[in-house]
Amino acid sequence: MAKITFIGLGNMGGPMAANLLKAGHQVTVFDLSQAAVEALVADGARTAGSARDAAVGAECVITMLPAGQHVEAVYLGEDGLLAALPQGTLVIDSSTIAPETARDVAEAARARGLAFMDAPVSGGVGGARAGTLTFICGGEADTFERVRPILEGMGKNIFHAGPHGSGQVAKICNNMLLAILMTGTSEALALGVRNGLDPAVLSEIMKQSSGGNWALNVYNPWPGVMDGVPASRGYEGGFLVKLMAKDLGLAFDNAVRNQAAIPMGSLARNLFQLHAGQGNEDLDFSSIQRLYHPDAGA
Amino acid sequence: MAKITFIGLGNMGGPMAANLLKAGHQVTVFDLSQAAVEALVADGARTAGSARDAAVGAECVITMLPAGQHVEAVYLGEDGLLAALPQGTLVIDSSTIAPETARDVAEAARARGLAFMDAPVSGGVGGARAGTLTFICGGEADTFERVRPILEGMGKNIFHAGPHGSGQVAKICNNMLLAILMTGTSEALALGVRNGLDPAVLSEIMKQSSGGNWALNVYNPWPGVMDGVPASRGYEGGFLVKLMAKDLGLAFDNAVRNQAAIPMGSLARNLFQLHAGQGNEDLDFSSIQRLYHPDAGA
Amino acid sequence: MAKITFIGLGNMGGPMAANLLKAGHQVTVFDLSQAAVEALVADGARTAGSARDAAVGAECVITMLPAGQHVEAVYLGEDGLLAALPQGTLVIDSSTIAPETARDVAEAARARGLAFMDAPVSGGVGGARAGTLTFICGGEADTFERVRPILEGMGKNIFHAGPHGSGQVAKICNNMLLAILMTGTSEALALGVRNGLDPAVLSEIMKQSSGGNWALNVYNPWPGVMDGVPASRGYEGGFLVKLMAKDLGLAFDNAVRNQAAIPMGSLARNLFQLHAGQGNEDLDFSSIQRLYHPDAGA
Amino acid sequence: MAKITFIGLGNMGGPMAANLLKAGHQVTVFDLSQAAVEALVADGARTAGSARDAAVGAECVITMLPAGQHVEAVYLGEDGLLAALPQGTLVIDSSTIAPETARDVAEAARARGLAFMDAPVSGGVGGARAGTLTFICGGEADTFERVRPILEGMGKNIFHAGPHGSGQVAKICNNMLLAILMTGTSEALALGVRNGLDPAVLSEIMKQSSGGNWALNVYNPWPGVMDGVPASRGYEGGFLVKLMAKDLGLAFDNAVRNQAAIPMGSLARNLFQLHAGQGNEDLDFSSIQRLYHPDAGA
């Protein structure tokens, strides 16, 4: 079992740190929210007055932060963590950020003799709580072998996508594809319903045919077709439209840097943005169904 | 076992009729291609000099034709089959055509005391040969019970989508979604490769994450990632670009009639059309990968 | 001056017929709406109990009808006008319909020795009233010379696009481009406003730069930028969203028939359809601005 | 007449500096390309060994550089120009860069007591040579009055779009709209040609109708329709596909930062990117016509 410092205890980071505690690790936590810290301390975590103090003595530091600028702020600069950690410390960033930022942090870590890995996750708040997240890692192969047992305390599938930044790239590609699947599935369901079909029947047919995809399998966007998904509770909770829009913004940025054409992903991003602009940014992303059929499920 | 007349012995209809023979039915076939007819006769089928003659004495007529105008020509009008069949005959059309045409034929059949069902298929030439097609049926519930045992001789999943035309509607929705999945998957893979990722590694990650879909499961569009798929044999065979374009044309037509918005399906259709216009209409539809990455797999 | 029968006295046809009267022609009118007929009779028109009776003695018949099926009903069949008109009569259809329908009517007219021309218009209700419509004609060159002086009584620009159906094709192309211009202009204005720019200033800059187009010149979609346009009166009147959607449906149909890729036009069509589906189908089409910026001008 | 230092003598900057000389200004130039410098010296310009030396004594500094990083490198930092210029100097950047970068430079200039203006141009190499460029300015109103007479030596229309960064924003909006117009016009022409229409006739009709736009007026994309445009010389020269792609990349970046939906602009960007990826990045941007009709004009 390892001495782990976990920084960033939001909707995702909180349950992830809790699972590390359950797995038997010695966990020190830090977050700007005192309430979030206290919840973990009640579960047995230690804490400290700053991220830097929390990292003293850690064998492994894990961060789960909202965006690239927060990751840069925590790790880089004269006051950053990288300057304070002893050589050999394992550093894992599970935030979803631009690959370029991940590579910048990796390079700074390498220069200090630290082993860095970008390890963004897929699976949402539900997966974070259940400890069934997917981790998509970028970095050296031997670092991957070191981080794997730690990540297994929080997730089920641990992938090594390639060198530094590859975890972020794969996450961006996956979430762009997810946006396309969800939008396309909503569109196909709405077309069927306009023709008089039952959305549950059509969902079942497409799920078992060549239209089969993750949305139809576990996250059906039409209200009432599937129990326990956001669509069946007014699109509350889940993966918010504004977070999907953020991830698609990373795809836009990446496509521009790499001169890549992403027509389908761009259209999905713009449909989510139109949807967000109509007051839906805090609903689950499967609420894109309503853009196609305003009274879906009503 | 039934006396079945099968009309339309192309790449799909030929093996479908052969499977009916294997299942023990007495099958009479007709096609304008004498070679196609002879191949089935060698397998034990009977034949006749015209579609009308072939249908004499049939308990069930099945048609598998290229487009709506052929279906209208075979069934409707004074010389059409409907005018010649005795009351109670089962009539199954497995062509992919507009729902309106299916409803027109259904109505004409009903007026003559015949039981009609639209039953388009999913699964391609491979599924037709293996007898593992999916049938998506539209029509009366009791007719569905009558056609099911016959269709089971040619397919694995037999769905009842709803009333007349619903089989066609569900097929249109499914294939529109398939076009979106394949285009989106190709786009995500190309974006990853431009960032230096291995397409096989990225495929595996997305398949097991929220980007999972039919294309990643059984029909990967990147050459060499999966054995036995068109992408790994130069995009030969499979489901041709021009046939996907035809199905997406039905989606366009349906969306206009129903005043439905289909932005993702429309974009996929136009990308396939651009791809077709660059000389690729006779390649498998997963060759859309090349629109994103001209030297994919090279 | 000619003896003209004008059939179809809606928002467009009514003022068009009135302008023919002003130009000195002897005009007989027919419409299913008695009120519409009476308004023209008050202006000096004659009328009759049916379209067929109204056409007796006409040198020229003009129709302005909502859609292709109405045009077919009026002209074709045993009770249709074509069967009743004497050889040599000039027949002009100014409805916006599919080119194939126009060609069918043209062929039927030719077989009866009549001179047909498809002559859809551009310019809207304002142009119809002011007599400044644009006519886009398809048919024989000598027929074009015969119809030109009559059309000049209702319009300013009279174009000959090519053989039968070409008027409809050019109208479809123009209106698809118009939809693209209006949507693109709204998008550019909304982007500028989100960045803090004044929409009037940005409009002026783009109008005089390479972004210049008809919408910026005479039909600015941002409320208050331009006087006298629908945007400055709550998007009332003008060219309704549902009519633009109808024209874009013709473009979809044409693109499928001709295997043409129309990605931009398709996207514009789907944005208008989403907009219509949110309760805006009876607003002017420049209200697409609100899809981008819900409180534009508020 | 003013003492002006002009930095960046590429295809645009070279002729712009030459026009300042013709207008009677005393111009000192600098560029990393010695050949570019010498051409201007032959026209009467002075030069110096570095940008910083070239700026000594200048009343006004103008930069015309490829991208934001070059602008930052020239102006900011301890070795940057801003640190070397005396208070009150006028600083004009005509590069096309992100508004955020322009605002950063403006802020740094303000802190040093300098008057900065972002003033990107429209009009291309032809406009630069002819002195007919459009300048789109962002900055203080009194600074605008100071720069106007200088810019009039290089351009015809001088717009004040708003505060710092607004010049760049308006340029981004305009060029996004231009991309939409050019793509849409190409699409409409290709659709007409597929229907058998003459592209010159269709161009004329749409130009005088509601499809009218800058592309139809002065930059027709179909080969042979208009003399003297890139389309009529094999799409050589003009505004390169790769430069349009760069500008659309700025639009993507801006839309992400501002959470703006830009579906039409995004689609145009992706079509240009697909076109560039097929080997056309060094052709004029009106060559997008060939994506729609590979043998346009052949």
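Just a few scattered comments:
Here the chain labels run A, B, C and D in written order, and each chain numbers its own residues starting at 1.
Just so we're on the same page, contacts are C-beta pairs under 8 Å (C-beta built on N, C-alpha and C of every residue); 3 or more make two chains touch, one makes a residue touch a chain.
As the structure is a computational prediction, the values presented were derived from the model and not from experiment.
Where touching is counted per the definition, the chains common to subunit B and subunit D are A, C.
Among the remaining chains, the Cα-based centre furthest from that of subunit C is the centre of A.
In a homomeric contact, the two copies may use the same or different surfaces; for subunit C and subunit D, over half of the interface residue numbers are shared, pointing to the same surface. The distance from the centre of subunit A to the centre of subunit B, with each centre set as the mean of the Cα atoms, comes to 38 Å.
Rounded to a whole number, the gap between the C-alpha centres of subunit B and subunit C is 39 angstrom. Taking each chain's centre as the average of its CA atoms, subunit A and subunit C sit 51 Å apart. Multi-chain contact residues of subunit C, defined as those touching 2 or more other chains: 255, 259-263, 267, 271, 274, 277, 292. The touching residues of subunit A, counted against subunit B in their complex, run 99, 122-123, 134, 136, 157, 159-163, 165-166, 169-170, 172-178, 180-181, 183-185, 187-192, 194-198, 201-202, 204-206, 208-214, 217, 219, 251, 254-255, 258-265, 267-268, 271, 292. Touching subunit B in their complex are the following residues of subunit C: 245, 249, 252-253, 255-256, 259-263, 266-267, 269-271, 273-274, 276-277. By the touch criterion stated above, subunit B contacts subunit D in their complex at residues 263, 267, 274, 277-278, 291-294.
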